[in-house]
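First chain A sits with chain B, and in the next complex the same chain sits with chain C.
Showing the complex of A and B:
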C-alpha cells in the first residue's frame, strides 16, 4: 500500500463496465486505495467521492465517444469544491472517429486534465505516470 | 391464578398511553390513555391513565414497567457531515433510525451564522460525522474545534473518519465536553453503517435526555425509559419483519404512522432491484429505514400539508375550498375530534394525502438514462415493489371505518411507474395501537412480542 487514494469511474451515459473493473484491479494491485464509483457517473459523483475520501487523483474513463462533452467543466467544479490540486486523468475512446491524438490531448489539457490517453494505451502506463505525478518511489 | 404482566408506557407528545400485556398467555389485557403532563409532573398524566386501565388486579401481577417517550418535543437532534449527499445524508438517516427529530443537517465547515442557528434551536444531541475511514479529516476536525468553542452543554456523538478520532478526542477533552465516539456512519464510499450510531443515540437518550426533559421523576416508578417512541415502532417493525433467534419473521414490511404533526414511514427491506438490468446508484439505504415528513400531518401540520399537496391533487379527492377551510380549522384546534360525517370524510382525505405523499418520498425511484446503446435504468433508494405487508398505525387510521382505503393510497400506481411502491401488499391495521409497546417488549422478550404482533396485527387481515 502506498496510501494514495484514486477515484475511478465511467463518466456520462456510458455503461462500459469491463475496462472499469480492469482499472480497479490493476490500481489495487499497484498498491493504491481505489474508490470505484462505477458506470453512469456524473461529474458530481466523482467530486463528492473525492471530497469524502480525500482522494489524490481522479481517473475518468469514457468509451462511447462523448467524453469531451462529459468532461467539460470538471476541473472548474473541482476548484469550486476545494479540490484545487487534484490530479485528473482521462482515457478510453474519448472522442469520436480517427482524430489526431496530439490535438485531442491538447483539448483535454485545456479542459484542465493533467493527462489524456489515446485508445489502446495500457493501464500500466497510467500507473507509471501517476507514481511520477504523486512522487511515489518505485 | 395470578398471571405475570408487563406494563408498557408511551409518554407521547399528546397522550400517555398504557398497554398491559399478559406475558404468559401472550395477550393484551387492557389499554388506556390520558393527556401527557410533562410541564407539571409527568406522573400526573401517568397516574390518570393508570387509573383508567381497566383490568382485574387480583388476576395480574405487574412484574415490569418499561417506557418510551416522545414527550417534550421528542429527541431533537442536529447532524453534521461533509458532503450533503454522502456523510451528511448518512448521519441524518442514522439519527432518524434512532427515533430522533432531525431539526437540521449541516455539511462542510459550519459557519458562525450556522453556529448561531444551532444555539437557538435547543438541541438534545449533536451528531458529528464526515469523511470515509482514511478519507477527509480536515473538515471534521475543523467542526470539532467549532463545537468545542460553541456548544459546551450539548451531548455529542462522533461517528466520522476514524483517523480523525484521536485529534477530536484531544480537542473535546480539553474543552471538557460530554461526548462519545463510535464507528463511522459511512466507513467506505456509499456504504452506510447506522446501527452503532443508533445504539449510541439510545444510550445518550437514556443517560442524559430523560433528566433534562423532567422525566427522571418517572424513573422511581418505572424500570426503564428505553428509547424514543419512533425507535420503539422501528424496533417492533424489525422484529415483526425479521423475526428473532427462535422464530422466522413475516418478511418485508412497511409501516405508515400518521400523526398530528408528522407522517412517519418505516420500511424493513433490503430494497434491491426486483428486475434485472438495473443499476443501483447513490448512498446505500439502511435495511430498517425511517423517514419523517414534517409537512404531512392531520392537525399541527395541516396547513403545511395543504401547501405540499396543492389544489390539483386535493381536487381529485374533495372540493378544494372545503379542504382549505378544514385545514385552517384543524391547524388552529389541534385537539379537534371529528364527529360529523363531513369532518370524518375530510380527515380521511387528509390521511390519504399523507399516506400517498409520505410513501412517494420514502420509496426509491427509477430513472431512465438515454445512452447510445439504448435506455438504461438507474435506481435510487429502495425498490419496495414486492413488499408483502403494508401496516397502518396512528389515530386517524386506527379510528377510521375505512383504514384500508387510506392505506391503499400507498400502493404502486401505473400512473407513476417510476415510484417503487408495493404492488399487491396485504393491508393490516394496528387496531389495538400496540406497535410502540411491542417495540419495548421486544427488548426483553422478543419472541413474545413477535407472536403478539402476529396475532393482533397480521392474523386479523381484513381481506
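Showing the complex of A and C:
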C-alpha cells in the first residue's frame, strides 16, 4: 500500500463496466486505495466520494462518446467543494468518433483535467503518471 | 401487479399504456393505437424487417446490418442512405443515444441543441423519443430497407410505441439483456414487466397484420461471456416474448473467437431455442439467428481491424446465421465515420459472398463442443425454471439473486459477479470460476481441465490475470492472452 486514494468511475449515462473493473484491479495491485463508484456516475458522485475518502485523485472513464458533455464543469465543482488541488485524469473513448487527439487533449485540459488519455492507452500508463504526479517513489 | 410469465390482458396493457404515453410530450402523438397500426400496415412489405429475415432464412443467406445513429433527423437519414447504397447494408439500424436509453429526454434536448450549434453529432445515437413519431416516420419513409431500433434501454416502452407507430418493424432488447449489461440498479422484476409490455405491443401489431421482429440482445457485456450463459439468457427472453404472442424472434450470439466453439454455440442456440419453444407449447414461431462480430476491444490499426472483421465474417458464413452485425475499422476509437462504417460492411459482404457456397461439416470436435454448450445451457435453464417454481419470469429474478444466472463484467448490482471466464489454449471461452452456476461436476471438471492445459502451455497459474490478458488480447493482435512476466 502507498496510502494514496483514487476515486474511479464511469461518468454520465455510460454503462461500460469492463475497463472499470480492470482499472480497479490494476490500481489495487499497484498499491493504491481504490474507491470505485462504478458506472452511471454523476459529477456529484465523484466529488462526494472524493470528499468522503479524502482522495488524492479522480480517474474519470468514458467510453461512449458523451464524455465531452459529461465532463464540462467538473473542475469548477471540485473547486467549489474544496477539492482545489485534486488531480483529475480522464480516459477511454472520450469524444464522439475518431478525432485528432492533440485537439481533444487540449479541450480536456481546458476543462481542467491534468491528463487526458487517447483510446487504447492502458491503465499501466496512468499508474506511472499518477506515481509521478503524486511523488510516489517507484 | 405481481410478476408472472403470462400474456398481459388488453385491460392491463391499456392501463399501463396510459401512464407510458405521459412520460414525455411526444407520447400523445401515438395515443391512437389503431391509427398507428394502420400507418404501419401501409408500409410496403419490402420494408418489413420480420419478412426480410424470414426470406433470408428460407434462402439460407446471411444479411448484413451496421450500427448507426446520429442526433438530427436529416443527418441520420443521410447516414443510413449512405450505408445502404455505398455500404450495401441489407438491413438498417437506428442506434439510439445513451440518454434516451436512460429515459433522460431533457438531456437529449440539450444534446440536440449542442449538435445543431457545433455542426456535429454530440449524441452517440438518434434520440427517437424526442424526435417523436413524425421524425421517426421520416426515417423509414426515406429509406427502402427495413429499419430496426438498437439500443440498451431498460424501460423502452415509450420508445417501442413510437418506433412501431413509425413503421419500424424490429426492436432489439429484453428484460435481462437490456438491464444487467446496461444498468446499475434497475430492478429485474420491473424490466421484465416493461419488456413484457414491449413484447405484447409487438404482438398486437402482429395480430393486426404487421409482422414485427423481436431480437433479444445476445452478446450481453460482449466480453468473454461463456456461450452457455449468453445462450441461456437468449432462450429465456425468447420464451418470455413468445408468451406475449411474439412470432418473429431473432436469437443472438456474440463472437468469442474460437471458430469451432462459435459455430457450435450458434447451432446450439438455434436448436435449443426451437426445442424450448416447442416444449413450452409455443407453436409456429419463426426463429432466426444473429451473429455479432467481436464485441470486445479492437485493434487500432485499420488493416488489423479489417482482419478481425473478416475473420468474424467467415464464422458467420460457416454458421449460416440469418444476419451479422458488422463492426468497423474505427471500432477502437468509438463511433465510426460513415465511410469507415460502409467499409466494414463491404468487407463483411465480400467475405460472405466468397463463403456463400461453402459449408462447414459436422465433425467429431464440433459435435463435442455443441454437446457441451447444450448440456451447460440446460443445467442453467432447468435451474432457472425451478428457482421460479415453474414460472420463468420469477425464475430469472431468483436466479440472479442466487447467481444461477451471472454475467461477467456486468455493471448491475443485481448481478452476482461470481463467475470468471478465460480462454483455453485454443481460444475457446471457459468458466475459470463457475460461481453458483449449477454445472454438473463433469462439466466443471471439463472447463478446469481445458484451462489447466493452457496454464501448462503458457507456464502460468490459472487465475484472474488470464482473464485480464484475454480482455486486451484481440486489440493487441492475438486471441489468447499471453502472460507478461516483465510486469511482475
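The definition used in the following text is that the second predicted complex is superposed on the first by the 138 of 138 C-alpha atoms of A that agree within 3 Å, B and C clash if a C-alpha of one lies under 4 Å from a C-alpha of the other, contacts with A are read in each partner's own complex, and residues count from 1 in each chain.
Assume a contact is a pair of C-beta atoms (placed from the backbone, for glycine too) under 8 Å apart; a residue touches a chain by one contact, two chains touch by 3 or more.
What you see is a predicted model, and the numbers here were worked out from it, not measured in a lab.
Aligning the two structures on chain A places chain B and chain C in a clash. Residue contacts after overlaying the shared chain place A:77 against neither chain B nor chain C.
Of the two partner chains, chain B and chain C are each touched by A:65. When the shared chain is aligned, chain B comes close enough to touch A:5, but chain C does not.
In the superposed model, A:107 lies in contact with neither chain B nor chain C. When the two complexes are overlaid on their common chain A, residue A:22 makes contact with chain C while staying clear of chain B.
In the superposition on chain A, A:13 makes contact with both chain B and chain C.
More residues of chain A are in touch with C than with the other of chain B and chain C.
Contacts of A:40 after superposition: both chain B and chain C are touched.
By the touch criterion stated above, A:131 is placed in contact with neither chain B nor chain C.
Between chain B and chain C, the overlap after aligning on chain A sits in one stretch of 238-246, 292-300, 328-336 or 364-372, namely 364-372.
Residues 13-15, 38-40, 64-66 of chain A lie at the contact with chain B in one complex and at the contact with chain C in the other. Taken in their complex, chain B has these residues touching chain A: 82-83, 85-87, 130-132, 134-138, 186, 188-190, 279, 281, 369-373, 376, 378.
By the touch criterion stated above, chain C contacts chain A in their complex at residues 98-99, 101-102, 104, 107, 110-111, 114, 120-124, 152, 181-184, 221, 223, 296-297, 300, 330, 332-337, 340, 409-411, 464, 468, 471-472, 475, 487.
Within the complex, the chain A residues that touch chain B are 3, 5, 13-15, 33, 35, 37-40, 44, 48-49, 51-55, 64-66.
Against chain C, in their complex, chain A makes its touches with residues 10, 12-18, 20-22, 25-26, 38-40, 63-66, 68-69, 93, 95-98, 119-120, 122, 124.
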